[in-house]
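Each of the next two complexes has chain A plus one other chain: chain B in the first, chain C in the second.
Right, the complex of A and B next:
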């Protein structure tokens, strides 16, 4: 749950990028950081292993200005995608307000996407939350790989395997080139703010 | 977890942090929740720490250390202390959902700080329960 400071007129919102390992969650944040570096006053925090995989989480605070007189601070987090780091993933999900699920479009990763989404549902249930009650955006990442002749899952296949029940907003994207990275972020911020407004009123 | 803190509660918390902790001569004190949100923060005014990142990392760090505690059969380690050459950090849990983070230099004794932190926590808990 977001923290609303009535005294400072400030809202802190937590948005988590979730998804299978090597799917591009950190790359999403890195793109946002490079694109908006003039608005983000602090360094992006990353805790990585030697192999450049996210070990703990990445963290990027982001001021989006005022909404109804309140200063809104968006805090973007990623989780480590590898299966073995589930304890950390659950920890990062604590108090989450909105989720971006970054799916890997490569055909060989079809199962990994489904397992990761299932894992997200399980971890949310530890906080008594359901996936369909949390603001959610799906991002089908790595669309740029098609140009290199790497077999990708079609948008329809991804929709059917991940989004058939959820019916969340979904974007074809490329975190590496930046395609739809900002659109994904704008969408999740918009959905999260609407949901917070409902909870607070 | 959901909670709401009113203006009076936040004022009370800041008063306690000022009187019990800041007046000891510490550099900075931050009350956060376990999701990494900042509830209250006070500092000497001459530091430029990125406390939002600090809060996110402190909450994560505390979670990681709690997981370590469980491995060795402890429920949790309720306080943590990191020693540096110029600055040190002290973390102490406040009820189940909050964490008090204090940054202090050489001029403050750890023993005295621990005593004052526990006094402050007792007062903050009272305010949070109101």
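Right, the complex of A and C next:
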């Protein structure tokens, strides 16, 4: 549940970008930060290894102004995608309000996507949450690689393997070029705000 | 099912987000290497594998990588520059395969850099031989620098008391080729270690579970005590 300050009429919303390692979670946040830093007037916090992998998490907070009379502060997080960092992923998921699952469209990453989604479900269950009860958007990233002749999973295959039961909103995207990065973020914020409004009313 | 209340919230949120993220922003988009490969390109498979390599290196991916290198070496047998590029890729690939997540962080960058130069040299039919050699020497230098860094890392004292660095790989020299003295790198023994921050997060999670269990036990005792009164 989001942090709500009734006295100050503030809501802090936590959105976590989850997915397999090297899938583009950090690149999503970097794109948003690089394109809109002038407007959101904030700093992106990132803790990386010297090999450019996310070590703990990335954090991008920004205000979106008043919704229903409340000042809404959005906090975007990523988790480290590497399998070995599961305890960190679980900690970052604590108090999550909405999730973007960033899947890697490369054909060779099909299994990694499925395993990561399963891992997300397991980690949510530690907080007694079910994936189909949390606002969720799927992003099928790296679609730009098709132009380079890299074998990709089709949208239909990704839907079948990841979204058949969840039936969440899904976007084909390229975090590198920015295609549908903002659309994904807008969608998860909107879904999360609707969900929070229901919980608060 | 969407209610009118949902729609009102969605509309208000979208309006706010459009104000902030409405157009394409003020910054510059990140650059993208759009170099595309034709369906029948000899490097198509290799490029796919190189892009899929990360620190979660699996034996399967690395085996496929090394098999593809061997296949290309057969295809380019007798061609000196492509052969040397492939030798470089094979050497770095073998090192990464053996070290996996403990490979020197620059090794993935060197692998990508060697591949990109190889692709440029191979795909540009009009490139003069001298320029091809320059690309090759440049990558040989990157490789030599990586080898030095690996040796240097081995000689540095460990920084963390929680988890010592694994022994660095032992570089060994192969008979140098005419084109640039390509060397192989053989790995050191593997260790299964947990990074400090992950150990901390793990410990925190353990503590949380212990506290939770303690509270459950206390609640049960209190319940029994109340029932006993």
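Rule of thumb we're sticking to: the second predicted complex is superposed on the first by the 201 of 201 C-alpha atoms of A that agree within 3 Å, B and C clash if a C-alpha of one lies under 4 Å from a C-alpha of the other, contacts with A are read in each partner's own complex, and residues count from 1 in each chain.
In the analysis below, a residue touches a chain if its C-beta (ideal position, glycine included) is under 8 Å from a C-beta of that chain, and two chains touch if they have at least 3 such contacts.
None of the values given here were measured: they were computed from a predicted structure.
J.: Return first, second, both or neither, reflecting whether A:87 touches chain B, chain C, both chains, or no partner chain.
T.: Once the two structures are laid over each other on A, A:87 reaches both partners.
J.: For A:67, is the partner it touches chain B (first), chain C (second), both, or none of the two (neither)?
T.: A:67: touches chain C, not chain B.
J.: Thinking of the overlay built on chain A, is A:148 touched by chain B (first), by chain C (second), by both, or by neither?
T.: It touches chain C, and chain B stays clear.
J.: Is A:59 touching the first partner chain B, the second partner chain C, both, or neither of them?
T.: Only chain B is touched by A:59; chain C is not.
J.: Per the contact definition in the header, classify A:5: touching chain B only (first), chain C only (second), both, or neither.
T.: The first partner, chain B, only.
J.: By the touch definition at the top of the document, which applies to A:36: first (chain B), second (chain C), both, or neither?
T.: In the superposition, A:36 touches chain C alone.
J.: Per the contact definition in the header, classify A:22: touching chain B only (first), chain C only (second), both, or neither.
T.: A:22 contacts chain C only, not chain B.
J.: In the superposed arrangement, does chain B or chain C reach more residues of chain A?
T.: C
J.: Both chain B and chain C contact which residues of chain A?
T.: 56, 87-88, 91
J.: Within the complex, which stretch of chain B touches chain A?
T.: Touching chain A from chain B are residues 1-7, 10-11, 33-39, 50, 52-53, 56-57, 59-60, 63-64, 67.
J.: Which residues, counting only chain A, touch chain B once they are in their complex?
T.: 1-7, 12, 14, 42-43, 45, 56-57, 59, 61, 73, 75, 77, 87-88, 91-92, 94-96
J.: For a test of understanding, state which residues of chain A touch chain C in their complex under the given definition.
T.: For chain A paired with chain C, touching residues are 21-22, 27, 30-32, 34-40, 49-53, 55-56, 62, 64-68, 72, 82-85, 87-88, 90-91, 106-109, 112, 144-145, 147-151, 176-178, 182, 185-186, 189-190, 193-194, 197-198, 201.
J.: Per the contact definition, I'd like the list of chain C residues that touch chain A in the complex.
T.: 5-6, 9-10, 12-14, 16-17, 19-21, 24-30, 32, 34-39, 41, 44, 47-49, 51-52, 54-56, 61, 101, 105-106, 108-109, 194-195, 197-198, 201-202, 204-205
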